[in-house]
Structures are given as C-alpha cells and as structure tokens.
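First chain A sits with chain B, and in the next complex the same chain sits with chain C.
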Partner chain A sequence: MKPVLQHSAVLRLLHQAPLLLFAVVLLGFGALSPAFLTVANGVNILVQTASTGILAVGMTFVLLTAGVDLSVGSILFVSAAVGGKLLLSGWPLAGTLPVMVAIGAALGALNAVFITRFAIMAFVVTLATRYFGRGLGLRITETRAMNLPEGMYQLGAAHWLGVPLPVWVFALVGLLAHGVLTRTAFGRHVYAVGADPEAARKAGLYPERVIFAVFVICGGCAAVAGIVTLSQAPAVSPGLGNNREFMAIAAAVLGGTSLFGGRGAVLPGTVLGALLIQTIENGLNILNVNPYLYPIVTSGVILLAVLLDAARCRVLAEAGRRRIFVES
Partner chain B sequence: MIGFRNITKRFFGVPVLRDVSFAVPPGHTVGLVGENGAGKSTLMNILGGNLQPDAGSMLLDGRPYAPRTPRDAARSGVAFIHQELNLFPNLSIAENVFVAGFPRRARWLPLLDRRRIHDRTRELLAQVELSRPPETPVEHLSAGERQLVEIAKALALDARLILLDEPTTSLTDVEKALLFGIMARLRSRGLSMIYISHSLGHVLRLCDSVAVMRDGTLVAHQSAAALDTDRIVSWMVGREIRQLYPGRGDRTTGAVALEARGLSQSGTVSDISFELRRGEILGIAGLMGSGRSELARILFGLDPCAAGEIRLDGEPIHGLPPRERIRRGLAFLTEDRRAEGLCLEASIADNLSLVSWPRFATGPLGLLRRRDAGAAVTGMREAVRLTTSARDTQPVKTLSGGNQQKVVLGKWLLNRPGVLLLDEPTRGIDVGAKQEVYRLIADLARQGTAILMISSELEELTGLCDRILVMRRGRIRDAMAAQEFDRERILRAALHDETAA
Partner chain C sequence: MHSPRRLLTITALAVATLLPSGCGPSGTPAPESAAAGSGPAKVRTIGVAFETLQTEYWVAGFEAIKAELQRRNLGMLEAVADSDSSRQLQQVRNFITRKVDGILLVPKDARTCIPAIKAANEAGIPIVLFNRPAADTPGVTSTAVVADNRKLTRETVEFLVGQARKSGRRHQAMVIVGDLADINAIGRKEGFYDAVKGQESVVQVVAEVPSEWNQEKARAGVVNALQAHPEISLIFASSDFLFPPVIAALKSAGRYHKAGEPGHVILGGFDGDATAYQMLVDGYLDATGVQDVYFEAEQSVQALMDQLDKKATPPLILDPGFVIHQGNLAEKKSRMWGANAVRR
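Entry: the complex of A and B
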C-alpha cells in the first residue's frame, strides 16, 4: 500500500505560515524603525502579550474540542472585581489570588454544566455568561473603578533573573498547557473529542468530562490573565476585559488552531499568534501610526492567516485525492 | 466462549430481537448475516456494551457477561470494529491504538509513556503487517491501512472476541485479501470472531459457521461447509429469490446519449472513449482505484479533465459546471450516499425534491409551488417503492440503507434525467432492496434512459448490463457485449498486471 499523502514543499511552507508571517512582520518593522528590534522592546512586547496570551492558551483548549468560549472577558472581569474587593477589604495577595483563579474556574464550570448536562451549544451558553458576568461584575464594583493597593503593582513590576514576572507567568502557563496537551492522556483526549466526539464515546472515552475540563481550564486561564492585567494596571474599571475574548480567539486562529476542533497547538501555535498580534500593535505604535488604524491592520493580518490556512486545506485536499498510476 | 441466551430487545415496544440464542466457540469465526433491519446491529451493540437487553443473558468463558458501556466490553476482551472506522485522523497510529488507556510513565506522573506505546504499537503493526512508523498521523493512511489499525487496536486490548461489522466496504481487493489473511492467522491463534457482512461469498470463505437473522430472530446457524449463497439468501429473505435480476427483455437502444472521446487527466484516467445509447445499461468493471469513480466525476463535471471531449445528446459539455449538466439531463448517484448523496438531517421530501426545485419554482420571485412538489414527491415515493411506514417529514438518516438509496435514486429521477451515472448503486444494502434497485434501473432503461453503472460486484454487472467496459489503472482494457460476458475474462482484464507481475 502506497502512502495516500505526500507532503509537498508547498504544504510544508503553508504549515509554517504563522512563523513566516511573524518573521515578515519582525523584519518589516525592524527595517522601518531602529527602535523596534531591540532587547528592551522585545521584553516590552512579551510583557504586553502576557495577558492576552494566557487568555488565548485557555481558549485553545476549548477550540480544540470544537467549542468556543465567548465569556472569558467577563470571567476575567468578575474574578478581578471580587479580587479587588477582597484586597481593598484587607485580604493579603497570597490569599486573594487563589480565590480569583477559583472564581474563574467556577464560572468555567458553570458554562460546562450547561453545555454538557443540558446539551446547549457552547456559543449560546457562553454568550449568556458573557452578559451575565458583565452584569455581575458591574454589580460587585457598583460600576465604579477600583484602584488596587500597591502590592498588586509591585507584582507586575517584579523581575526574576532579569525577566518581568508577567512574562514568567505567561511562559509557565504556555509550557504547562503545551505539556498537558501533548504529553498527557487528557490532552490527547482533547484532540480526540475535537476530531469526533461520537467516535470518542465509542472508544470508551467520556467526551462530556473532557469538555467540562476544558471550560474549567479556560475559565481559570481567564482569571490568571486578569491577575496579569491588574498587575500591569492595578485598577478594576467597568470595561475591564471587554471584548478580550475576540483577541484570544484571533490569537489562537492566527496560530493555526481550527475552529472546527482537533487541530492546533499552544506551542508555537497560539503563543506565536498572540505574539504576532501584539508585535504588530507595538510596531505601529513605534511608527506613530494613528491608533485608530490598529484594528484594521490587525484584522488584515488575521484575514491573511486564515486565507493561508484555507490554502493549506486546499493543498491538503488536493494531495489527498486518489492518484491512479497510469503507465505511459 | 461467548454464548447468547434468549436475548430479547424492544425499541418503543417494537421487538427488534426475539429469543436469540447461539454460541461462538473459541477459535471460531461466525458469519452473521441478514437483511438490513434484521437485528444484527442491535445484537452486536448489546455484545459491545452500547445497549442492554430487555431479557436474556450472555456468557463469556462460562461467566455471566453484561457490559454496561463499551469500556466494560473492552475490559472483558471484546473488541468492536465498526463499519465506519472509529479512528481519530488528527492523532498518530500509536495514539489511536492506546487512546482508551494510555500507559503512564509512572503511577504518580500523568505523562504518557511515549516509548512504551510506540514500541508496543510497532509490535502490533507487525502482527497486522502494516509497515508504518507508529507516529504517522492516521490521516495519512489509506482506507485499508486504517482498517488494519483498527485491528491492531483490538489486539492491543488483548481481545479474545472481535466483532467486525462490514470491514471490507471501503477496501480494494488487494487490501481485502490482506485483511482476510490476517483474520485467518488470528483465528489460528484461538481468537474468536463475529463477522458481519452483506458479501456472502466472503462470509462463506472466511467463517466456520454462518448465523442467519431475519426480523429479529435467528433463523439458522450452520456450518459454512454445508452452505451455499442461495441457501443463505433464501433464509435471509424468507423466500426464494428466483430472479434477482430483471431480464433484459425487449429493451431497444436508441441514439447516442453520452459520448466520451479520448478523456485524459494525469494521474487518474487516460484515453477513455465510449458511447452510451438511450435505453442502454453500460457497466464499468474494475478494481477499486482503477479510475472508475474518477471517470464518473469527470463526466459529471466535478473534476477537471485535461484532454478529450464529452458530448451529451451530441452537444459538447466540456467545461460546463455540474449544475448546467444536470439541467441538460445528466444525473450522478455517487458511491458514498451518506456523505455525498443525501442531506441526512433533512426530510425525505426535501431530499427527494432537492435537485428539481427549479421545476417547481414559479413567477419572478421563484416561489415554490409546494402542492405540485408534494404531489411529485408522493408519486416518486411510489415509483421507487420507498417503505410506506416512513413519513415525508422524517429525516433521511432514520431510514435503512436500502431505503436511503431509493431516496437518492428518486431524487435524480424526479429531474427526469436522460443519462444516469451510477457509482456502486447497491453498496451496503440488503438483498431485497438490491432486487428492487435492479428492477428500477431496468425499468428506466426500458423507458429510454441511458445508464452508466459502476460496480464492484461482477454478478450484478453481468446480470443487468448490455455491455461492460473493464478498467485498469485509468484505462479501458476490455469491452464486451452481453452475449460475451465471462466473469473470468472480466477479472483477467481488471487484474492483469497484478497477476502477470
């Protein structure tokens, strides 16, 4: 039996589309501004990426099961609001942060219950949670901005081995997620369920449990992303986290994660996607481009990445077509 | 080894299994046959832990066996190879083999032991003679290779009983032969198997005994050595099928309806020429992968064609899209009715009228005349003899394979095609439904439709066609008229270099 598929050079190139785009963006901005390709700016980009990157890593788990979580921005907001209240009432940081993560995970579990127990589409459930969370957070904060104590800011400014703490957290979350997805049974089950939940059930897996877990992970990641955001700007404002879910989805898709499930990765995938979006914004900033143009440029890049992905699928389908040897 | 005792199962009060009792001794392969809806799948789902019986019991190695989930069944050493393969294309071979129970590096460490699953998979792949690295993604494998991975999966469970449900439907003949060889070897190692298939020839060749089901009961279970296909078929349908194929009778052929001249497309077909006349049934024989389906796709305009000419009723149609070819009276029944021929979730009525909506549209807005469409649907249901128990609004996926195929046929017939391309029109449907499909095809030809029929079943080609072309590796190698039909000659032309080399 002959292999059905031969990987052509085109295909290999298209596989690396996010990486190529990243290289093009780096070189492009580097050529336009000497201030861009510096170590300081590199660290800067990493710090700026951390929060959205962590959000996107959590989102990747959900996308891999062919689900979507539109509520992460609101989950981030609720956990930040509760955390803020606790800190202002005198709780220590060490006690508050775990509570914040637990709240994120709990809201993720709430999503999961409706999705797995009542078999409602993730899109609808998380859309509801998105508005519910926003409302709950506004209620907790009484729609006022809360300035957080000094401790939170020190967290964001802290360095270890010369690298800012938010970058460490981002790296840790990314590596952990990558390890879980590629090297644990649970991680491989995420891919299996995303490819075909019915086949997973027949293979003796429990798709509901896997889906439950990914939403809990995604909620937890949202809370961690919230902590990182607060450590950089220690104030809970009513708009905190608004529309962040779309940045997270964009980062994952840009990194090659399919919205149809079963395909994608955290490393380099999503992490690269998040870095790419942030790098573009950073570069435009350095070039003093009108900030109103940022979303246009960013969405252009996302569209380009998706187009490349579509091209990859077409090449894949073409290569997968049955070839019959014809003697000449 | 496994024994069924008085298994009974009802769905919504309707009995689907009645007092089924039989046993599979160790090292035996039992063929389980029956028409669609006879209860085979239900019985196997009970054995595999997907369903629980309402009454009766099972014994596995002398001990009571009552699996509540597929996992229970797997733990007891019962492996189930489904008709639609249960593989994850995005995972590697090794991951697919171990997906239900990944070994860990250590008890306390939830990391996969990659080396162990790769080593073990390599051993298992050697047993099923698949020479692929364990880390190959399953999406890179052919259908036959995937089937072997399924068997490796069963072996990984240390299965003592393997259920195979129609494992050969998507395999080429070479792959089939390989699969049968492996099955024979497993049997000699003492593994028991239950083999479900509509292909009675294979069942007789492979199995020690044959169990025949009809309407939820076991009508016979006898040693295969004493049986022949006719006996089994008569048990299956409960009557003798005297005439599976309607006679050619007084069919007359008319003008050329479809003409191909020198069709070539690199890698698929090469220099294909033929003429198909009104009222003629032209068969295309050949192995799977000989270019038959590709030819049909080119004729229908789904795939490009680099050279050659296609004429429909004398008019060149080269380069026209499928929609325009449909409008000019071409119809194509694809080989995969579930994926390509039907909207499974949609109703019978919607599926039937799908192609002919334009005929029922009226006025500048293209509003549908629903009553006319409804009448046409009702007429077509009768014409294709669709089961009367189904409602028009019922989703097509609830129908049996045979009835689904009738819906696809009816869909095309509503458009009154002049030329009908059929690709494996009776795949996976039971004998009774086959007979009705044959009758339909013959009636169409009698009414002047030109029919091109691709089939892997030589018997149905020789029984039904006026002429047969044999393809091998993208070319037409032989052509014969009805009076020259000779199964050996067809097979020789289809296989030639496989046997000569």
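Entry: the complex of A and C
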C-alpha cells in the first residue's frame, strides 16, 4: 500500500505544478518589489494577458485534437489589417468588429478544409496559411503602420464594474471555452478525437467535423485576440501578430495541454499558463531587470513547467503499470 | 485517393516555401523590372536585395533607392528575403548569375551576410550595404552606408535632457530598447546612455523596457514601468514605430499632454516616421532623430558607381542624420521621410 500512497501524494503535488509554480513566481516577485503585489498591478497583468490568453484558448481546442495551428498570428494580422482599413474608411466600430471575427473564422475554415477534405497535415496547411496571411496583410496595409481612430483606444480603456473591458472579454472567452469542453457533447468529442481518432470514429463520431470546428474556433479566437490587441495599442503595424503562435502554444502547454492531443483544459490550465508567462514579463519589467535576462528567465520557467509535466506523466505511467513479482 | 492528396501536399509545401520571399520576385526577378530603357549604350543593372519590407522605414528606403536608380537611368532587379539570411544568399547568387553590375544589400545582421559579400567579391561585382554594416572579416570587402545610430541618438537625448533641465527639476526616465540582436538597436541604447551619463542631477534612468521591436511588448513594458515608477516624466523610444503603444499607455495613466502643458512627459524617438511627424505637428513629441534615408540611398548608389569606375570607397559611410524638434520642424521637414509619407 505504501508505494501507492506515495505515488498518489506525488501525483497530487505534480497535478498542481502549474499552480504551485505560479504561486512561487507571484511570491518571488512580490518579495522583491512592493509595487508588484498590488491590485492595480494585478489588473495590469490580466489586461496584458488577455490577448495572448484568448489566442491560447483557441489553440487549446486545436491541440486537444492532436493538431497545431501555426497561422494564428497571421490570422490576427489579416483581420486587424482589414479592420484597420474599414475603420479608417469611416466604418463604425460596431460594424467592423464582427467583420474581423468573421475573417478570422473564415481563415480558420480555410485551414480546416485542407486538413479535413484533403487530409493534409495541419502543420503543413497552417504553415502555408501563416505565410499567405502575412503576405496578404502586408498587401492590405501596403507595409505602412495604420494609426486607428480614438474609438479603438476607448474600447480598450473602457471599464465595466470597475474591471477593464479586455479582462471581461478574456473571462468570457475562457468561461465559454471551458463550458464547451467540459459540459457539452462537442467538448467530449474533442477529447475523444484527440485521444484516438480511429476509436472515436468506431464509436460513431465524425472526427473531420470536430477538427473542422476546432480550426474555425481557433481562427475566430485569433481575430478576437487581434481586437483586444488593437484596443491596447491602437495601431496596425506590419509586424503585428508575428510569432504569436508560439506564445499561444507555450501558454497552452504550460497549462498542461498535451501536444499529442486528448489531454488539457482551458480552466485553469491554459489561462494559468498565459497568466504565468505575462506575470514573469511584468515582474521583470517592474524589477527593471537587464533586458538580456528576459528570455533566459522566461524560457527557464517554461522549461521547468514542462519538466514537471513530464514527471507527472512518468509517475502516472508508472502507477498504471502492472507489477510482476517472482516468488522465490 | 492518394495522388490528389500528394499533389496538394506538394502544392502546400511549395506555397509555404515560396511565399516567404515577400513582395517582389526573389531570386527570379521579373523581366519587366530589369534593364529599364534600351539603346546602343548598355544600361547598368543593380541588384537590390532587402532583408524585409515589414517596416515603414524599409519601404521608404526601398522607394528612395528605386528613385535614385531611376534618376541615374540604371536598371534594377529586386528581391526580398523575408528575414531569411540563407534565402538572401541565394538571391545574391542569382544576381551574380544574372551578371548584374552591382549589388545593394540590406542584410539581416552583421554576420550572416558575409557569405553573400564573399560571393560578390569572388565574382568581382561591387557590393554596398544599406543601413546595416557587416562584421569585420579578413578578406571580405564591402562598403556600408549606415546611420550613425549612437551619435544621432546621443544628440536626440541630449536635446531631451536640455528640455528636462529647462523645467528646473529632476526627471525620472524610461528607455524602450529594441531587439537586442539588432546592431542598430544596440547603437541607440548606447547613445541614450552616452547622453544621460553625468546628468544624474537632471535625469535619473529608472526603467529599461525591452520591446524586441514589438508594439504589444512595448505597451505592456511601458504600463508596467509607469506602475512601478509613477514619477517617470521622460521617455525615449528606440524607434518611432513604438509611439502608438507609448501614447496608449500614457493616455491610460492620464499622462499624455502637449509640450508646455502641465504634466507633459518629455518624449523622444528615433527614425523620423509619419507618426512622429504628426506628433511633432500636434505638439506632443519633443524630438526625434531622423535617419536621412535620401542621403543613404544617394550615397549607396554613388558608392556603387565609384566602385564600377574603379574609384576607392571607404568601408563605412556615415549618415549623420539630424534631430528634428518643434524649433526646426518647418526648416527640416522636407528631409524627414515620415513627413513626405504623410504628404503622399
């Protein structure tokens, strides 16, 4: 009995690894700077996490089906570029935002068509869309920065019940995604397809439909992330969204989502992962750390989180293994 | 079933491989862009290889070079490597195969361009680097036309320190640094510290915010630094393209005021883009260091012509640039590429 108990204690501890790491980061920065552990800075971190967090929520859906979407940064850019053009030509904000989300979903659907109808690897398709989107966005913007009207800034600065709007959007997207994944049949299908597509098919599911839907969701999330980004810095620059996909994947993986599909969660998982990344960035800013140290510290924490997750998987595998004892 | 799938996979891979070459033909230049003009005298053709066109500055540089080549009745082949140094090497080799008379290169960084320069040297084709110099390497010859980032930043920040001194009080300062892998960003960072050194009674640097040339990172960094040091009243951005997030952060903190108004945060930048020009016109920006893109384009093409005419050219031609501020805006704006972009 003793080894089993030991295993379960270790497992419980490892299960909470992302949360523990987050607590350590919070307490560490808090001890080093009195300006860190304040309500105002907490709100700052939430606002700054919103965009990457939303992107990572969409990415979680795709990763859960054992896919990957390398095009989210470019989708964000294209929807922002079109949105910027519309706003500058006099379109109202209320009319522009749905168009941006529709563009994101449409580009997600384009990925999905190639992946499901022609059975091309998601990695290849989304890589192509990544370059296509960047080229298209540059064409639309003519490689010039577009400074957006005041309305976009006001959107980011708006508060409801004392909480900034970007935080509400992030919370809404996170809760909605969590609800879909944990309380609907579609959510269970996502996990089933990610864990074993063939078994899912034999159980009467349609993996292609599920995969199609997750890429559309991911594209839509990328566009919403773009809106949140523009509300924070109301300008479409030619480099907007560049390499954002990697941060989204990092946030999801930090939160315990498996790159092999079938395992992970939006809450607390991905949301916590995104918060952890942004908290480190925020803490380093507040401590005025040498800029050369930022990537070293951030990658060190990500590596530590991934190592802890790997240890958890190892312990899980060990616990599930049958033990054979040879009696003498 | 398998054939169309395979075909589509190959097509997708081909698209992924070819699209990064960005605007304009890379490696296989369009015939219509080559050898402008015809006649008995052979028109010299210059291969122009840009690392990227993903910032306004590079677009302005590209247009200035194109205009300068047209003015001198020279033909042009163009290529954009989309930040891929190995692709850029292939593009330079293609220029050599096409027997161009000279090559104008915007390298990704100081070291990865060395094989491209070597290839041009071995082919006996003059090569000039625009805006970024190559690392010193024995046996490799090139001329680079670059803005003196360190000196121009120092002059810009000295102007800001002068403004701070006029206020009669001590200012807390923030510097937003660029990508630490970019030699120009390093030059600007060093120039900033050159200017504030020994000025501690006027300016105390309390925050160094890394941006990696990313507006979102810059925005978060500025907000965080203002959170930790609410007294910050002087900000220097290593590139003007970082101003939109700075403005958003200052507005959020209720600190965005025109020069001369109470609570004004002294603002300075580098580049001379359209946003900076508009901020100067509107009275929010104190000064920015302008890279004289027209001077750089003219000197780059001139250096190529000199090399073709067997005249010696120095390894480094410095663009001194100039500091533009409220006091000299009317006089200097015609040389500010951002002002011209606004007018277009």
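Here is the rule we go by: the second predicted complex is superposed on the first by the 314 of 328 C-alpha atoms of A that agree within 3 Å, B and C clash if a C-alpha of one lies under 4 Å from a C-alpha of the other, contacts with A are read in each partner's own complex, and residues count from 1 in each chain.
Just so we're on the same page, a residue touches a chain if its C-beta (ideal position, glycine included) is under 8 Å from a C-beta of that chain, and two chains touch if they have at least 3 such contacts.
This is a predicted model, so every value here is computed, not measured.
K.L.:
First (chain B), second (chain C), both or neither: which does A:Y191 touch?
P.N.:
In the superposed model, A:Y191 contacts chain B only, not chain C.
K.L.:
Can A:W91 be said to touch chain B (first), chain C (second), both, or neither?
P.N.:
Touch status of A:W91: no partner.
K.L.:
Answer with first, second, both or neither: which of chain B and chain C does A:Y153 touch in the superposed model?
P.N.:
The answer is second: A:Y153 touches chain C but not chain B.
K.L.:
Give one of first, second, both or neither to describe whether A:I286 is in contact with chain B, with chain C, with both, or with none.
P.N.:
Second partner only.
K.L.:
Please work out whether A:L205 is in contact with chain B alone, chain C alone, both, or neither, and reply first, second, both or neither.
P.N.:
After superposition on chain A, A:L205 lies in contact with chain B alone.
K.L.:
Going by the contact rule set out at the top, does A:S237 touch chain B (first), chain C (second), both, or neither?
P.N.:
Once the two structures are laid over each other on A, A:S237 reaches chain C alone.
K.L.:
Is A:G262 in contact with chain B, with chain C, with both, or with neither (first, second, both, neither)?
P.N.:
A:G262 contacts chain B only, not chain C.
K.L.:
Given the superposition on chain A, which partner contacts more residues in chain A: chain B or chain C?
P.N.:
C
K.L.:
Once the complexes are superposed, what residues of chain A are shared between the chain B interface and the chain C interface?
P.N.:
none
K.L.:
Once bound in the complex, which stretches of chain A touch chain B?
P.N.:
Chain A residues touching chain B: 1-5, 179, 183-186, 188-189, 191-192, 194-196, 199-205, 262-263, 320, 322-327.
K.L.:
Chain A touches which residues of chain C in the complex?
P.N.:
4-5, 8-9, 12-13, 15-16, 19-20, 22-23, 53-56, 58-59, 177, 180, 206-210, 213-221, 223-225, 227-228, 241, 244-245, 248, 251-252, 273-275, 278, 341
K.L.:
Which residues of chain A touch chain C once you look at their complex with the stated criterion?
P.N.:
33, 35, 38, 40-41, 44, 47-48, 51, 114, 118-121, 124-125, 127-128, 130-132, 134-135, 138, 142-145, 147, 153, 156-157, 229, 232-235, 237-240, 242, 278, 281-282, 285-286, 288, 290-292, 294
K.L.:
For chain B, which residues count as touching chain A in their complex?
P.N.:
My answer: residues 50, 69-71, 74, 80, 82, 86-91, 95, 99-100, 102, 104, 110-112, 114, 139-142, 144-145, 174-175, 266-270, 289-291, 294, 473-475.
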